[in-house]
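Order of writing sets the labels: A, B, C and D. Residues in every chain begin at 1.
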Amino acid sequence: MIVEMRVGATQEQLDAVIERAGQYGFDVQLNVGTDKFVVAILGSDTGRCPTENFAVLPGVQSVTRIMRPFKLASHEFRQEPTVVRAGPVEVGGDNLAIIAGPCSIESREQLLETAEAVVSEGACMLRGGAFKPRTSPFSFQGMGMEGVDLLCEARAKFGVPVVSEVTDAHYVDRMAEHLDVLQIGARNMQNYVLLRAAGETGKPCILKRGLSATVTEWLQAADYLLAAGTGGVILCERGIRTFETSTRFTLDVAAIGVVKRESHLPVIVDPSHAAGHYELVPTLALAAVAAGADGLMIEVHPHPEDALSDGLQSLTPRSFAQLMAQIESVAHAIGRGVQRPSGQ
Amino acid sequence: MIVEMRVGATQEQLDAVIERAGQYGFDVQLNVGTDKFVVAILGSDTGRCPTENFAVLPGVQSVTRIMRPFKLASHEFRQEPTVVRAGPVEVGGDNLAIIAGPCSIESREQLLETAEAVVSEGACMLRGGAFKPRTSPFSFQGMGMEGVDLLCEARAKFGVPVVSEVTDAHYVDRMAEHLDVLQIGARNMQNYVLLRAAGETGKPCILKRGLSATVTEWLQAADYLLAAGTGGVILCERGIRTFETSTRFTLDVAAIGVVKRESHLPVIVDPSHAAGHYELVPTLALAAVAAGADGLMIEVHPHPEDALSDGLQSLTPRSFAQLMAQIESVAHAIGRGVQRPSGQ
Amino acid sequence: MIVEMRVGATQEQLDAVIERAGQYGFDVQLNVGTDKFVVAILGSDTGRCPTENFAVLPGVQSVTRIMRPFKLASHEFRQEPTVVRAGPVEVGGDNLAIIAGPCSIESREQLLETAEAVVSEGACMLRGGAFKPRTSPFSFQGMGMEGVDLLCEARAKFGVPVVSEVTDAHYVDRMAEHLDVLQIGARNMQNYVLLRAAGETGKPCILKRGLSATVTEWLQAADYLLAAGTGGVILCERGIRTFETSTRFTLDVAAIGVVKRESHLPVIVDPSHAAGHYELVPTLALAAVAAGADGLMIEVHPHPEDALSDGLQSLTPRSFAQLMAQIESVAHAIGRGVQRPSGQ
Amino acid sequence: MIVEMRVGATQEQLDAVIERAGQYGFDVQLNVGTDKFVVAILGSDTGRCPTENFAVLPGVQSVTRIMRPFKLASHEFRQEPTVVRAGPVEVGGDNLAIIAGPCSIESREQLLETAEAVVSEGACMLRGGAFKPRTSPFSFQGMGMEGVDLLCEARAKFGVPVVSEVTDAHYVDRMAEHLDVLQIGARNMQNYVLLRAAGETGKPCILKRGLSATVTEWLQAADYLLAAGTGGVILCERGIRTFETSTRFTLDVAAIGVVKRESHLPVIVDPSHAAGHYELVPTLALAAVAAGADGLMIEVHPHPEDALSDGLQSLTPRSFAQLMAQIESVAHAIGRGVQRPSGQ
C-alpha cells in the first residue's frame, strides 16, 4: 500500500501512519518528495488490510493498494489454471463445456423435451431454474424442490450432470444432495450468507458476476466460496449494467481476459441474459468463445413464446443446433474443442 | 402495453398477438400506420404482465410498457403519502428523521458512547451494524446477536428506537423481536428470500437502493416487502455505481423527486456510503435535505481512525453536531423541521 | 409515438394533444383504457419529431417513440448492406478489412517501419494520427500536416489507402485532399460542425462511437455525415465508459449485432482503445471478428516502450503478425475471409 | 508515480525503469518488498508524465499516479478560490449567480419576453442558445449570429451580461466580440480545438462537464482554457450518463464538493439538463445550492409547450419566480446570498 500525505502534513501525522503500519506488522519505507511525503507499506499480507485503515488518519491524502484484495482466487495463490470437475465434465481444460436448458423448469414434459434436444446437440450439462428470483413478487417464482427432482430425472435419463440456482441458504444442503453443481445468481453475488452456505456443501459452484460488480469484487466473492470449502468455482460473466439499453446488459467480453490474467479459476459466459433477445445470442456466444471462455451457459426452450420466464432470450432447439456447429467451428479456430456429453 | 409489429408482419402474426392479449383478459385496439401495425394492449392490470410475453411472438418488433411494473408502492395504489412509524418516530411527515450511529457495533463502550453523542445532538433513531456483509471474507464480519443486544441496551438507556441490517432470512425473526426497524442492505435489495422474511415480521423496514438498481426495480423490491405484510417501507437512497470514482458511489439526488412523483413511500438518504469520505458527507446531507428527503442516515464513530469498518466515511460526534445545525437550518428554509429524540 | 395521458387528464388536455398532432400532419388514434387515455400518433415521419413536443403538454404522463430517430442510417431507408470503398479496399463485404498503424505519427522512420511491417503481415489500410486530441494540454499533440504528408509517402511506397483523424473543421478540406478516409474520433462524435465539414468533402469516414453514446445516438451522428454527402460511413465500436476499470473502456461487442439489425452501415472494431493494454488486444480482436465485425483497427508500434502516445495498448509488429493468423482463422470459422493488401 | 514490478521481474527490467525515470529528470526510491519490487518515481512534475510511459516497460505490473494530472486548475497551483468576473457579475464569491434564459433563441419577442421576466425575478445573467448542437441533423439548429445580436439587444435593454454556447472554433472570435461569457457545451468538453480558440479570446468561459467525463478530465479540459489565456473558467455540472433513465442525466451533486477540494475554480450547476423535466428542476436546483454551488444556470421559456428545443425541461417565468424565492431561502440557510441584477 502507498500512503500519500497531504502537502504540509506534520511529522506527528507521519509518525502516526508509521506507527499504525507497525501495529499490523508491516514494514515501512519513506519517500521524501519535493512537495510531500509518500510512505510505502510493505508486507505479503497488505492485500487483506482495507486501505481506509490508513486513509482515515489525519494528514493522509490518499492510499493506493498494490496487492490485490482477493487471495484464494488469485494467480499468486495458485499459478496453474484450475480445472473444475462435475461428474464427467471438466470446466477449464482444453475443451469447452456447453451448458444448456430452460430458464425455468415449468413441467416434466418441458424439461425432458429440452434436455433431450440439448444433449443430442452436444450440451454436456443441463441447466434449469427451480427457484427463480424475479424482479416482481407477482411473477412466476419457480417450481421449487419439485423442479430439482425433475432435473434428477433428466440426469438419469440423459446422463449429463445438472445445475440449478440456489437462492436460499437454508435450501442449499437439500439442493446439494441432488445437484452436481450449484449456481449463485448475479443478484446474489454479494449475498455472503448464501455464498458461505453453498461453499460449505463442497459442491462445485457457478458464480455469476453481479450486475455492477467489478472483476475484483467478483473474485472476492469467489474467495468466500473458496474459503468455505467449495468443490470448485466456475466464474460466469453475464453482462453488466451500463447506460446502453439496446441489449438487456452489456457483455464485458474483456472480463474473460482479465480473469485469465488475475486468477486461476475457469470462466464461462451466459450470452442469453446479456443479450436479452434470441437474435443476439449467437453474436455474443461466438464472441465469448473466440475471447477464450471455458464454456457457455445458454437458455433453450422448446416453445419460447410460451415460456413462463425469459422466453425472449431463449433459443429454440433448432437455433441451438445451428449455434453449436458455429461454436465448434470457432473453438477449433483458436485451437480448442467442445466436450461431448458422456455416453454420446 | 404497446406492441409494434415489424414492417411486413403478416396478418397471422398480428392475430397471434391479439389472441394472446385475449388469453390474459386484456382489450386490444389496433392502429394501422402507413408502414406498420401498432397494437395497444389495454387493461388495468397490464403492469403485472412482462413485456416479453408479447415481444417473443413472431413479427413483433418491440413492446413498450405504459403501466408501471410496481403496484403496491405506486401512487396509483395509494394517493396520499405514507408516514411510517417506529415507536415515537415518524418518517414521511413534516419533520425529518435523522438516524445516526456507527457503521459496525464494535463494543459496548463504543456503541453507548456514540449513542449518547448522537442522541444529545438530536438524532431520533440509533443505527448500528451487527451482521456486516463485507466484500472480503477476511474482513471483520460484525458482532452478531451480541451486537443486537447492545442496541437494545442503548435503546433502554437513551430512549430512541433502533435499527440494524438483516442479512440472513433465518435470523430475521429473532432480530425482529428486538429491533424497531429492520434494514435491508443495498447488496440484498434483490435478495427476495430475505425481503419476504423481513416483510412477514410486520416490522417497518428501511430498504436501501441497490448499487445498480433503477428506481423502478427499487419500487418493485418494495412491492415484495409490502406484499409480505411489512409494517412500512422507508426507501433509502445511498448512491449508485457509475464511472466516476472521486466518490465511493454517485448520490442520485434526483431519485428523491422521482420517488415522490411515482410512489407514496417516504425516502431518506444515506450520505455516508455515497460519499465514502467524511469531508463530503455534509455536502451530500444538505443536498438531500434541500431536495426533499424525509430523513438521513449518517454514520458516526467516536474514533473513526480506529473503526473496524467504514471509518473513512464516519463523522466524529463533533462534526455530527455541526452538521445537525446546518441540517436544521436548511430544513427550515424549505418549510420543514427536524424531529427531536423523544424524552429530550 | 404513443402519448399516455395522466389519470384524471381533462378532455381539453386530450384535445390539445390531438390538435398538435394535426399541426404536424400526423394521424391520431385514441385508446380509451380503464384508467386513462392513450393516444397513438401515426405517420411515416414521426421519427423526426422530438417526443418532448408532446411530453411538454399539460396532462401528458409520458411519450414513447416507436419510429427510430435516425433515418438515413436505418435499415428502413436502405435494406441491403452498404459496402464502403476506399481505393481497392471494401468495408462491409465478405472479407474483413484490417487497418493498422501507429497511434501517433512520430517520425518518418517510425511511420515507414510500421507501415512496412503491417502491410507485409496483411493490413490493407494504414492508420496514423497526425492531429492528436489529448486529455492534457501538456501532452504531445501530433505532427499535424507534416504527419499527413508522411502518410501519403507511405501510401505511395506500400500501395495501401491511408486514414487519419480530423479534429478541426477548418483543416478538413486540406486533409481530404490527401487522405483516402477521414476518421472522426470518439470525443468528436457529437461535434456536429466537424461532422458536417467531413461529410461535405465526399470522402468516406470512419465514425467512432462516443464514450457514452448509445447506438441510437451513434446512428444519428451517422445521419449528419450522410446528410452532408459523405462518400460512406464506416462505424467503429471502440468501447464505452462503464464502472469497470480493469480495462480502459468496456468493449460493447453486442453493438456489432445491434448495428447489423438496425442499420445498413458496416461496422468495425478498435480493440486497442477498448483494451488499453496490449495483452488484452488479441482477446477483443478475436471476439469482434467472431461477433461479425467487418474489420478491425489496430494500433501497432515498432517500439511501444518509446511511443509518444498509447504505447501501452500498441502491439509490436511481431504480436500483430501472430494476431493476424488468428484473425484469419476465426474469420474462416464463420465463413468470411480477410482482404489482402492490394499488390501483395 | 509508483511503479509495481511483477513477481519475478528481473534486475535488468528494474534497471530499465530506473533509467527511464532518470531520462525524465525524476528521482527514484526503491522499495524491496517480500514478494516484489516497488519503485517510487519522485519529482514535482510527475503529474505531466503519462503513467503508460512506465507501464509499457517489460516486467511492470502497474503504475499508480500520485500527483494529479491537471495543473493550472489545481489547488496546488492556486490556493485561494478564484472569483470569475463578467461585467458586474461575480461567480465564486459569497453570493450566488443565477443565470437564466431560453434553451434556444427563437425570435426577438421570445428572447426579450424571457429576459424581462428572468431579470425582474433576479437572474443576474442572461443565457440563450444561438448555435445549437442537436442530436439529429433534422432538428432546429438555432438562429446563429442573428441570435447573438438579439442577446446584445437584450443586454442593452436589461443591463445584464449575456452568455451563449460556442460550437465552432471559427465563429469564436466574432462571438467573443459580442458576448460577455462563452459557453462550452458538454458534448464539446473534449473538443480541444474549440477549447483553445475560446481560451485565446481572453473571455470568461463556462465549461460544462462532459456526459461521461470524470472530474479529473473536466479539470484537465479547464487546463486547456487556462493555458490558452481565458478570462476565467466557471465549471458547470449538468448531470452524467448512468444506467438510470428516470431522469435525462444523473446530477452528480457530490462533484461540487470534489471540485471545491481539488480546484480553485468556481462551479455552478445546470439543473435543467440533468432533470430533463420541469417538475424535477426545483429539486435539483435546491440540492445544488445546499451542496455549495456558486450559481445555477436555468432554462426558462415563456411558453414551454411551443419551444423549439428542450421545452420539457424549461420553467415558465411563474415557476422560475417561485424557485428564486426558495433558492434565496436555502442560500441564506447556508450563509450565502444571491446576487441581484445590476441596476435593479
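Before moving on, here are some points about what is shown:
Methods note: contacts are C-beta pairs under 8 Å (C-beta built on N, C-alpha and C of every residue); 3 or more make two chains touch, one makes a residue touch a chain.
The structure displayed is predicted, hence computed values, not measured ones.
Counting hops only between chains that touch, subunit A reaches subunit C in a minimum of 1.
Comparing the centres of all chains, each the average of its CA atoms, the largest separation from subunit A belongs to D.
Per-chain Cα centroids separate subunit A from subunit B by 27 Å. Taking the mean of the C-alpha atoms as each chain's centre, subunit A and subunit D sit 39 Å apart. Residues of subunit D found to touch two or more other chains are 212, 241-243, 245.
Per the touch definition, subunit A reaches subunit B in the complex via residues 48, 50, 52-53, 55-58, 69-71, 133-139, 167-170, 187-188, 190-193, 196, 211-212, 217, 220, 223-224, 227-228, 241, 277, 304-305, 307, 309-312. Those residues of subunit A that touch subunit C in the complex are listed here as 212, 214-216, 240, 242-247, 250-258, 261-262, 274-275, 279-280, 283-284, 286-292, 326, 329-330, 332-334. Per the touch definition, subunit A reaches subunit D in the complex via residues 2, 4, 7, 29, 31, 33-35, 38, 40, 42-44, 62, 64, 66, 76, 241-243, 245.
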